[in-house]
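Mind having a look at this structure? Questions to follow.
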Amino acid sequence: MSASVSRTTYREALRGALREALTADPRVFLMGEDIGRYGGCYAVTKSLLAEFGEERIRDTPLSESAFVGAGIGAALGGMRPIVEIMTVNFSLLALDQILNNAATLCHMSAGQCPVPLVIRMATGAGRQLAAQHSHSLEGWYAHIPGLRIVAPATIDDARGMLRAALLCPDPVLMFEHIGLFNMEGDLTEAAGVADIERAAIRRTGRDITVLTYGASLYRCLEAATELSAAGIELEVVDLRTLRPLDDATIIKSVRRTRRALMVDEGWKSGGLSAELGMRVVEQAFFDLDAPVMRVCTAEVPIPYPKHLEDAALPSVGRIVAAAHAMVAHEP
Amino acid sequence: MEPVVAHDIGRGHALHLLAQMLRIRQFEDRCARLYTEQKIRGFLHLYNGEEAVAVGVMQALGVADSVVATYREHGHALARGVPMNALMAEMYGRRTGSSGGRGGSMHVFDVSRHFYGGNAIVGGGLPIAAGLALAQRLRGLDGVAACFFGEGAVAEGEFHETLNLAALWHLPVLFICENNLYAMGTALARSEAITDIRAKAAAYGQPAVAVDGMDVIAVEAAAQRAVKAMRGGGGSHFLECRTYRFRAHSMFDAQLYRDKAEVEEWRKRGPLITFTTRCKAQGLIAEEDFLRLERQADAEVDAAVMFAEGSDWEPVADLERYVYAEPRA
Amino acid sequence: MSASVSRTTYREALRGALREALTADPRVFLMGEDIGRYGGCYAVTKSLLAEFGEERIRDTPLSESAFVGAGIGAALGGMRPIVEIMTVNFSLLALDQILNNAATLCHMSAGQCPVPLVIRMATGAGRQLAAQHSHSLEGWYAHIPGLRIVAPATIDDARGMLRAALLCPDPVLMFEHIGLFNMEGDLTEAAGVADIERAAIRRTGRDITVLTYGASLYRCLEAATELSAAGIELEVVDLRTLRPLDDATIIKSVRRTRRALMVDEGWKSGGLSAELGMRVVEQAFFDLDAPVMRVCTAEVPIPYPKHLEDAALPSVGRIVAAAHAMVAHEP
Amino acid sequence: MEPVVAHDIGRGHALHLLAQMLRIRQFEDRCARLYTEQKIRGFLHLYNGEEAVAVGVMQALGVADSVVATYREHGHALARGVPMNALMAEMYGRRTGSSGGRGGSMHVFDVSRHFYGGNAIVGGGLPIAAGLALAQRLRGLDGVAACFFGEGAVAEGEFHETLNLAALWHLPVLFICENNLYAMGTALARSEAITDIRAKAAAYGQPAVAVDGMDVIAVEAAAQRAVKAMRGGGGSHFLECRTYRFRAHSMFDAQLYRDKAEVEEWRKRGPLITFTTRCKAQGLIAEEDFLRLERQADAEVDAAVMFAEGSDWEPVADLERYVYAEPRA
């Protein structure tokens, strides 16, 4: 099957999905800091103000708690708001609204108050933005019941997951890695709505299952190429959705490769990789030939200088080293 | 404060207002007893003394308007029309409760009446009300959102953020500050450098008035004016209702922070007593009306207790239902 | 050695430690909502206002972000503030200050700005306070580098850990379970400052190592008694400090029992038990006779009615069942 | 705005103020070039146009006072006395930088000068300043805390919470709002329902004045008055400095949100140009003074670049140092 594709960027794919939603559904509107006149701090929403006007592309004052809460209220009131928080770091100011309201209202009201709200935020490091602009907290957010957490790594997913988020009756937090916005590639025109309950195997391989998502996916694929030359074949799973996790795909892969390596850009202790590792152990312990391993970010506030930032983040080198260590364990 | 405009209300409306206030009073008095009997558990915050605020404001709202309240929301729920049976069942935690029993006293929801809680994070309801109002505007409808909160919430950042947002965007939110002078044990003057809350709100650029929150007619009139202005396309309005809570903050409060004498002084201005006296003086109602309404309220409470006690628990198997919405759209 | 003890409660032990610190160190002061005139929402600070006056027992307005941030500033300015947040649920309003400032300043300033701040908060469920007052987020907080997280389960620890927290140059978050305040017991007069880097084995046993903390400790001990009758001996480790974790004590115990069961009151996915399980697997995989298991809270906002709240929380029954399942795995 | 009091400053002080403003200007112009050469990375926010604010305020502070600034803090750091070498090394991320290179442009710290950042969460510095001031009061000292932030921060909840706390507790905080009319691309009128920031601050119950932030003398005088009042036991003060940023918000900003003409109009009122003109007119300084100070500033910048480029990187082995304080107390 040869799908029709068009060349674009991750940023443009997001913008296209936003435009499409604004065009198709009068209930959709955008709200966030500098999304209008400024064009969005990462330029995702550029030009949308001119196209859709001030009522639907709403620049907000600097008040994360109020506009996220207003998004919740608007969702309760029949709209389909898409709220942009510039980066996950600032989302902490709105965490009360996210956890105590968005994630809680549906259950607490016995189903009367679903909150069909989409919150988009940038995440991740790699641009030397230092300790208050570089954290990856999406794995941490995945702890919260009532939320759905998605992290598109590909151009198709950037569009398809936003589409899916808008169809979802639950609050969906969408995390866009700052390293991906400029990524160029093909958009599959007919790809449609993404399935936000399933992980995707981006590379098949027999020796180790690598569980990852977002920008780390590309480091894992690079490591896989390097390791392949040494005869080690990685199977790379792009989790795509961090809550709920797709146990079926994960466990099936691990049962086959008998080894699981987790790679994520969050801090290690209590991060998403710990959860993944536990699930593997709980569900496939006797299938494992080696202890599960994880490659995460060093447990430090991300420092500014490049050499320290690089040292803190999961690198291809660290992934390769972990893989070698894992195959060294003979069953 | 706004001068109280002499206002001709007629016997029918007088009876209605009194009946609503009495329903709340009797319902809550029963709840307090049920709490000591351990039929109601968790935190229980009573509205005793503040009934005129909820009842007054609700008169100004239509069916399509939304209401957002706090953890002290039995009065708002009843005045809004949440059936007493469902409310009492919620206090008991039964599945017939307005939130299926999951919320309890602090989290009453009734979406069929646009009653959105029941919010137990101080200040947390304000942005939600702004969003509900925004939705009305964006949908081209003329509904307003009424948002109740205490004077303690005024110190929270969300108060500030939301008042600005609502004023800036001309959202039809009626902010109702129930200024009962205390936030738990903290007197207003111990939490605000400037204690004039109406003035504070006005500084955000929206009409703001203060009324005697013990006077149901004054509250009603002020709310009517605000809602009318908003229906005509006006932006947010602020209403400070000066009131007092006669009972403890919750069932755990020894009230070390205020004098008994102060409470007694305020009791003389209680909303039920003053309204009844006034209506009697005007010949609108008679003592027997009062007694009849009180009996009716008690009967309704009795029935609600019966209903609650006869209701089932939600099955444990359903614990994880509604963490996510069902069915998927 | 017969230590001199006195009969007291967990609440009084905390109050005693606060009183002692206020008496001994003029830099110590308390700040929080209703800690003064009202006496504290859980009555821990009752009577301290009368003893120490308004300057040192400071009732704050309802503004969690400002007074936590002011605590950070006061700590930078040479004081030793003890900030009380009524419950962990409200701490979300101050999370920006906690993560972006308290946890970050020391590293970001290359050691110039340590933040010797103690934040106490109530945590946990069990009193039918429903979905906005019942969560256990201390394990989630343990994800954040730069913080120290302690959770005293015993009366000695209530006092000793507060003492230790005040001596610590780092921000220490102390979580007090609402179910423990009324607990009566003995206070060891001479116990001194607690070691907040070490876990404690509260019961020795050969079959399964149980890793837990806080109020869950008592459920585990109860389960241990029940299981002992069935010939299964639990070793119960009270973690005490959730960050940094005491790997040495944990791993040593697991190596001996060859089985690890984690019990905590947080939500399961991405909770502390996942991290504990991962560490066990990473460090003692080949010593395990059974997959690690965890007993956590159901992934729901805690509901109000007792039967549902009980069903959501880790119970003795669930711990016992997990233990039986673990020993059923023959090596 | 406060009327500008004619104020006799003398040649020495005039030269000092000019020198400080020039140091900032020249330092930052070099930083902009170094950014395009990729020697400086991350976010770089320039203070160009606003120099009079930092320089004016710092004149009022003593060594024991504290300063809390934002991510646009090079000017504050230099004016406070952070050595230019250490500042430039920080921009480069070298270990000789004021934060050991870990902070970069947005996170300059120098505790020996009570310079507490370099805070990149809008509004996040305000509570910290309140706490620093509280510490002074509790320790019986008379230091004040000066807290700089933009008008964009005014919408944040922390602004509200902190202004109330500081006023309520009479904390010696000088809040300095650098009102440059834009928060990134958002004009003040698009973020605040009421745009008079001074009035807003006054509503919290503290002295609040607005001054021409382009006039270093006016800023200095206002800051002096406020600090004097605070040293005498007064509580918090608020100073709105009306200013303008001449360059983009950061190096990534295409400035679509404002007219070139508007920028040009403001440039005529630039703090360097107006101050120099005025001092010349008063015969306080001559053109050659200006040129000499400019040369001196350039030389200092050259030396700082040399210093930074000659400095080592922090070893990777130290990455995890200082997550926790060392040595343990």
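Each chain carries a letter (A, B, C and D) given by its place in the written order, and its residues are counted from 1.
To be clear about the criterion, contacts are C-beta pairs under 8 Å (C-beta built on N, C-alpha and C of every residue); 3 or more make two chains touch, one makes a residue touch a chain.
On a predicted model such as this, the values are computed, not experimentally measured, just so you know.
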item	value
Selected interface, C-D versus A-D, where C-beta contact pairs are more numerous	C-D
Furthest chain, CA centroid comparison against chain A	B
Between chain A and chain C, centroid-to-centroid distance (C-alpha), Å	31
Mean-CA-position distance for chain D and chain A (Å)	37
Centroid spacing, where centroids are CA-atom means, of chain B and chain D in whole angstrom	46
Cα-centroid distance, chain C relative to chain D, in whole angstrom	41
Sites on chain D at which at least two other chains make contact	101-103, 107, 119, 121, 124, 155-158, 160-161, 164, 168, 190-192, 314, 323
Chain A residues counted as touching two or more neighbouring chains	60-61, 63, 65-66, 89-90, 93, 96, 100, 107-108, 130-132, 145-146, 299-301, 303
Contact set on chain D toward chain B in their complex	155-161, 164, 167-168, 190-194, 199-200, 203-206
Partner chain C, residues of chain B touching it in the complex	41-43, 93-94, 101-104, 106-107, 119-124, 152-153, 155-157, 183-187, 190-192, 253-254, 256-257, 313-314, 316, 319-320, 323
Chain A partner contacts - residues on chain C that touch it in the complex	65, 89-90, 92-93, 95-96, 99-100, 103-104, 107-108, 130-132, 139-140, 142-146, 243, 245, 266-267, 269-275, 277-278, 281-282, 285-286, 288, 290-294, 299-301, 303
Complex contacts: residues of chain B adjacent to chain A	66, 68, 99-103, 107, 109-111, 116-119, 121, 124, 126-136, 138-139, 145, 157-158, 160-162, 164-165, 168-169, 314, 321-326, 328-329
Contact footprint of chain B on chain C as seen in their complex	33-34, 36-39, 41, 59-66, 89-90, 93, 127-133, 298-301, 303-308, 311-312
